[in-house]
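Below you'll find the structure, written out as structure tokens, and then a few comments.
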Amino acid sequence: ETVPLKVVIGSNSFAYGGMRVAEHAGILEKNGIKAEIVVAESGNAATTALISGSAEVAASGPEQVIAAAARGQKIVILGNLYRGLSGSLVLSEPIAKKMTVKRDAPVVERLRALDGLTIATPSATSAYTVPLKTFAEMNDVKINFTYMAQSAMPAALKTGAINGMMAGSPYTDAGVLASGGTLWIDGTGGELPEEVEPTSSTVLQTTEEFAKTNPDVVKRLIKSLEDLKEMIAQDPDGVKAAMSKAYPKLDKSTIDSVFERNSANWAQPEYTMAQIQKELGFVKTQGRIQGADKIVPESLLYSNP
Amino acid sequence: MSMNTAAVNSRKATGAHEGRAPTQRKSWAVPLGLQQLLVFVSLLATWQITSLYFSLDFWISSPVAVYQEFIRWYASGTLLNDLRMTLTAAGSGFVIGSIGGAIIGFLLGWIRKLGDLLEPLILSLYSLPKVALAPLFVLWFGIGITNKIMFAAIIVFFMVFFTTFQGTRQVDRDMITNARLLGASKFQTWTRIAIPYSSIWVITGLRIGLPYALIGAIVGEFVAANAGVGYRIKEATSYFNTSGVFAGLIMLMLISFTLLGILKLIEKRVLYWQTAEVALGEDASKHIP
Amino acid sequence: MHAPTGSVDAGAGLRRPAIDFRDASVRFGDFTAMGPVNLTVERGEFLVIVGPSGCGKSTLLNLVAGTLQPFTGETIFNGAPVEGLNPAVGYITQKNYCLPWLTVEGNVRLPLEFRRFPKAQVASLAASALERVGLRGFEKAYPRQLSGGMLQRVMIARTLVYEPDIYLMDEPFGSLDALLRTKMHDEILHLWKDTDATFVFVTHDLAEAVTLADRVVVMSGRPGQVKLTLDIDLPRPRDVVDIQSNPRFGGYIKTLWEALDLN
Amino acid sequence: MSMNTAAVNSRKATGAHEGRAPTQRKSWAVPLGLQQLLVFVSLLATWQITSLYFSLDFWISSPVAVYQEFIRWYASGTLLNDLRMTLTAAGSGFVIGSIGGAIIGFLLGWIRKLGDLLEPLILSLYSLPKVALAPLFVLWFGIGITNKIMFAAIIVFFMVFFTTFQGTRQVDRDMITNARLLGASKFQTWTRIAIPYSSIWVITGLRIGLPYALIGAIVGEFVAANAGVGYRIKEATSYFNTSGVFAGLIMLMLISFTLLGILKLIEKRVLYWQTAEVALGEDASKHIP
Amino acid sequence: MHAPTGSVDAGAGLRRPAIDFRDASVRFGDFTAMGPVNLTVERGEFLVIVGPSGCGKSTLLNLVAGTLQPFTGETIFNGAPVEGLNPAVGYITQKNYCLPWLTVEGNVRLPLEFRRFPKAQVASLAASALERVGLRGFEKAYPRQLSGGMLQRVMIARTLVYEPDIYLMDEPFGSLDALLRTKMHDEILHLWKDTDATFVFVTHDLAEAVTLADRVVVMSGRPGQVKLTLDIDLPRPRDVVDIQSNPRFGGYIKTLWEALDLN
């Protein structure tokens, strides 16, 4: 029999694309899950909804799970939805034109060229900010970060209020298309060095309580992620068809390019202890989250009883 | 000056004896609706031309593009469902918020001591930016329809509360005293004097609050939803579909417009005595004292 | 002066006064607006008060209605001091308090509805009150559609309609024409005769005072105090036109006029 | 009943001749401030106890935790800077919005035809959820302080506009006619009659609008900022730091509280005639006419 | 009846009437409130209008002030039809229009400020107007602190203060006591003699009418029409107390009373 399940995701961006494909390709249904997908304002809001008990499952960045754990909330990660960074850095047209460094130069040189520029990111704590900021600090590059809603970034880029934006797709695409910007550092393509790149952009999560009382549902979810991985490998056209159902506003060529850029990242369901430790390490070195050092890493990962 | 010109020039009198305007020989009314339509059409034209001329389509869309978006929205079959969702949340929120606001505003305005005592408290709550509460609301009320209703209700509550509170404080105390002398119980001075007296303020509160019920529902949908006009706007925003954003916004405007129209009809009924044209005529003339 | 028991005494012989002002004075800030006044109004009496503008006549009535509290002294009403509003009185105020959102009829029905008169009676009582003040045909008009004198008559009808035991009337006929005023005098005197109610009536019209009164009180200028009490010893029942040709009529007026003039 | 009890029982009179309450023999005033303080303290206590007793710390924080958060915020040195940022934006927005709202509300309320013509337009704009306009605002006003000021200004504008509009429409036309007969020019009927008459509404509008100036600034900071009280709230939100969210919200409450207090003083001055205790006393008694 | 030139003629002999009602009638909806009225008020005349309550006396004054427009006919004022408000008149309305947020003095200064009187004059003019109506000492009081009669006097002072050429007075002395009323009559008659202004004065008090008037117009009941025009041929200047003992005084009152009674 099928179980109804409310799944809340953090945005309409492609970082959550795997979940939507799984829904529209019938993978969830095949595994006996009748999912209702709700889109929240941010990953933070998605996790909040999970905590409030109005959704059984949420998807958001691993740092949300850590932050919640630091405040005593027991949430476990069921699997990975998007490997690595889902965002990229786009420069405005006039700045890109002035650049002496070429687009194909090593990423460190491209980073150095950003010295003194004003770059917008969603927030000081966002998964897009932290890698870039850490990378810049490592190389003594001074970037002026300013924080704004991703939807406002292309407009700011066009009017020259910012020199560049660090955001996820499709905001970056709009930044390129509507404001004549240039894709400067491709985060989704894994251009950032390993030591600053996050392990994951989005993970599937639920409360410890729910996982304990519904091991069967959890099993089906994990199975769905594996099925997705397989489908991406075996049936790219089926995935694309599901994508055009999930994102009816996108045309064929956009779907193709989105698939090319993101599908590999959607197909990494395993989230390991090592990855959790790496994330915790980021959080601790930056001292962003009080009480993060008290977290027991094992408690964050769902373990099959 | 001939009698004819005098008649043409004679204006609708306002005066120490106004209230009911005296009957005039002729009247030259330009239909207001037509004028408003003209203003509306010229605005649309300006929008279309600006958009075309400066190629601002991506940023401000254009009436034609918005229209096409509407058609698509309708054809996809989600329009009605979205409307239903948003209207349910906004409607319930409005009803809860305005009843609460009117009653509490009335009570605190009326019972002066209680009003003085609790005013700072309510003011503090009013000063809270509701948008900042959004995450807390998700925590407290989840992401279902309750969240949206509560959001709409709380915003409307304050709007209606404040105007009613202020209005009720203005009620002529002498009028009340006089009614008490005529034998009114405390309760009757409420129902027969204070409520009719402050009804204009309550209605102002409702007018101010009504669009905010929609805004509240929309913001609730921004925070978390999978359908509704607010969700469509957010979706359109994510794909930089400016026409879609405007289509959603215009949908909202149309809704609050309709609702405000209904409210205006109610207002006319409630405040009918301000403009009533009652037939003294025949009957009165017969009984000269 | 209190009756031996607390209960309302039925016997006419043992009657206590309707109203008794004992050293009552009213102040606004440091400004003494009225008093101290000592005055007793007997049950069933028709008392008229005259006095210069601003001397405190309305203030005196307000004390009885309980809309003001005295600064010194007290106002005894039916044996107990007035504290708080006193809905036992029928008060026709100087200012107009018609509710603008009710029709003339609605305004007149108001006290009946407040006082829970049986539904069946309400309509006929209201109609007869309006008839008595000459406002038939204007039942459905709103206050803003009325002339000054008509508004005043709505206020009168609104009090007559529920027949209180004590009437406080503050210049009730000020904006009525001479003819209508005469009619109203007649009406009032009949009412007084038929119901045995007590009247405290403020006016500036000395002829009106003498026509109606058992006793006229002249108040002095600000702060108003009782300056003269004049018993009007004219035959009852009076015909409001004929009474004026009574030989004593002119004399009373003259006395009052002189008392006022000395202010 | 002895005179003494009578004096104790005698209440502050309200009456057909009220306005200025008659002088009483004694008065038993319980200081309002103290009562309000009591309400406030007991609310805090309830909050703390509820939070402790039901272990709701994560959900509703607690006064002690919020206090600690304040201390941390202050110690980090950002508090004053955040305050300055937010206040500047809110203050400028308030001034611009309320002046605009009062003037336009007054004009459209006063010139009835214009009001009837443009009302639907303004209502439509009012019905728009400003948050959805954020990208356009960035396009028009950038991401600096102008953006936040405009956000605050636009929200305040509508609040003040609506109450002023409604209030000005209520101005007694007969009063105006009478003033015209006394020789007032159109302009003088504005300045001497209509403005004083509708001032109570303008002030209500300001009271309703003031907290919204802060809300506007905060929303502006949500959209784009790297400091300010709104930014702190957002930051706290993203760490599930409920105490931090409350600290920010309470900061806002304190600010609007102070500002509303100032407004109340102004209101007292403007509407002084409603309560003035003018000394007729001595002087008047001497000149008995 | 028009003057040969459009300009205001200076010679007293060629004077055109101050006000001329030509078939003027007023309707509210289907209800005819007044008229048609044909009446000419000569320049410098003291015209008094009496008539039953609600017959349209205030309505008639409103036509002159331009606050109402006629349904038929027209109101000619100084040779031209009244269209729109007519600030050339000084109108003491029946309803009170004191501004509650101004003091008594502020209210009286208002028309002077509106009419841009020199600053130096304003204070002394206001003070003298207040003196004339007996309100000295109440300059700083607010309207809500005044009695009914005092409010009425503020309204009077507010019109006297700027000395218009034409006074429209709608029951101006209705709430004044007899003494004050006599004083005000005296005041008004002096004003009239000194300034040669035109008065249209509505009252219900027939003695007042005869005391003041050159001519009394009696209006019929609703809809009010001119029923009788009575020239009052009493000597001028009049002493307001002595005039009452003039042998013709009583006769005039009787004539008026009878005209009213026939309604």
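By written order: A, B, C, D and E. Residues from 1 in each chain.
In the analysis below, a residue touches a chain if its C-beta (ideal position, glycine included) is under 8 Å from a C-beta of that chain, and two chains touch if they have at least 3 such contacts.
The model shown is predicted, which means the values in this text are computed figures rather than measured ones.
In summary, the chains found to touch both subunit A and subunit B are D. Of all the chains, the one whose CA centre sits at the greatest distance from that of subunit C is A. Here the spacing of subunit A and subunit E, counted between their Cα centres, is 85 Å. For the pair subunit B and subunit C, the distance between C-alpha centroids works out to 47 Å.
With centres set at the average Cα position, the gap from subunit B to subunit D is 20 Å. Counting partners per residue, subunit E has 28, 52-54, 58, 65, 67, 85, 91, 93, 95, 97, 134, 145, 180, 263 as the residues that reach two or more other chains. Residue positions of subunit D touching 2 or more other chains: 14-18, 20, 135-136, 139, 174, 177-178, 181, 222, 234, 237, 242, 278-280, 284-285, 289. Residue positions 44, 48, 51, 151, 154-155, 158 of subunit A are each in touch with at least two other chains.
By the touch criterion stated above, subunit D contacts subunit E in their complex at residues 18-20, 174-175, 177-185, 188, 192-193, 196, 271, 273-274, 276, 278-280, 283-287, 289. In the complex of the two chains, the subunit E residues touching subunit D come out as 65, 67, 85-87, 89, 91, 93, 95, 97, 99-103, 110-111, 113-115, 134-138, 140-142, 144-145, 158, 162, 180. On the subunit A side of its complex with subunit B, the touching residues are 8, 11-13, 36-41, 44-46, 48-49, 51-55, 151, 154-155, 158, 170-171, 174, 177-178, 247-250. In the complex of the two chains, the subunit B residues touching subunit D come out as 14-18, 32, 35-36, 39-40, 43, 59-60, 116-118, 120-121, 123-124, 126-133, 135-136, 139-140, 159, 162-163, 166, 170, 173-174, 176-178, 200, 204, 207-208, 211, 214-215, 218-219, 222, 230, 233, 237, 245, 248-249, 252-253, 255-257, 260. Residue ranges on subunit E touching subunit C, taken from their complex, read 28, 50-54, 57-58, 94-95, 134, 145-150, 153, 170-171, 174-181, 204-206, 257, 260-261, 263.
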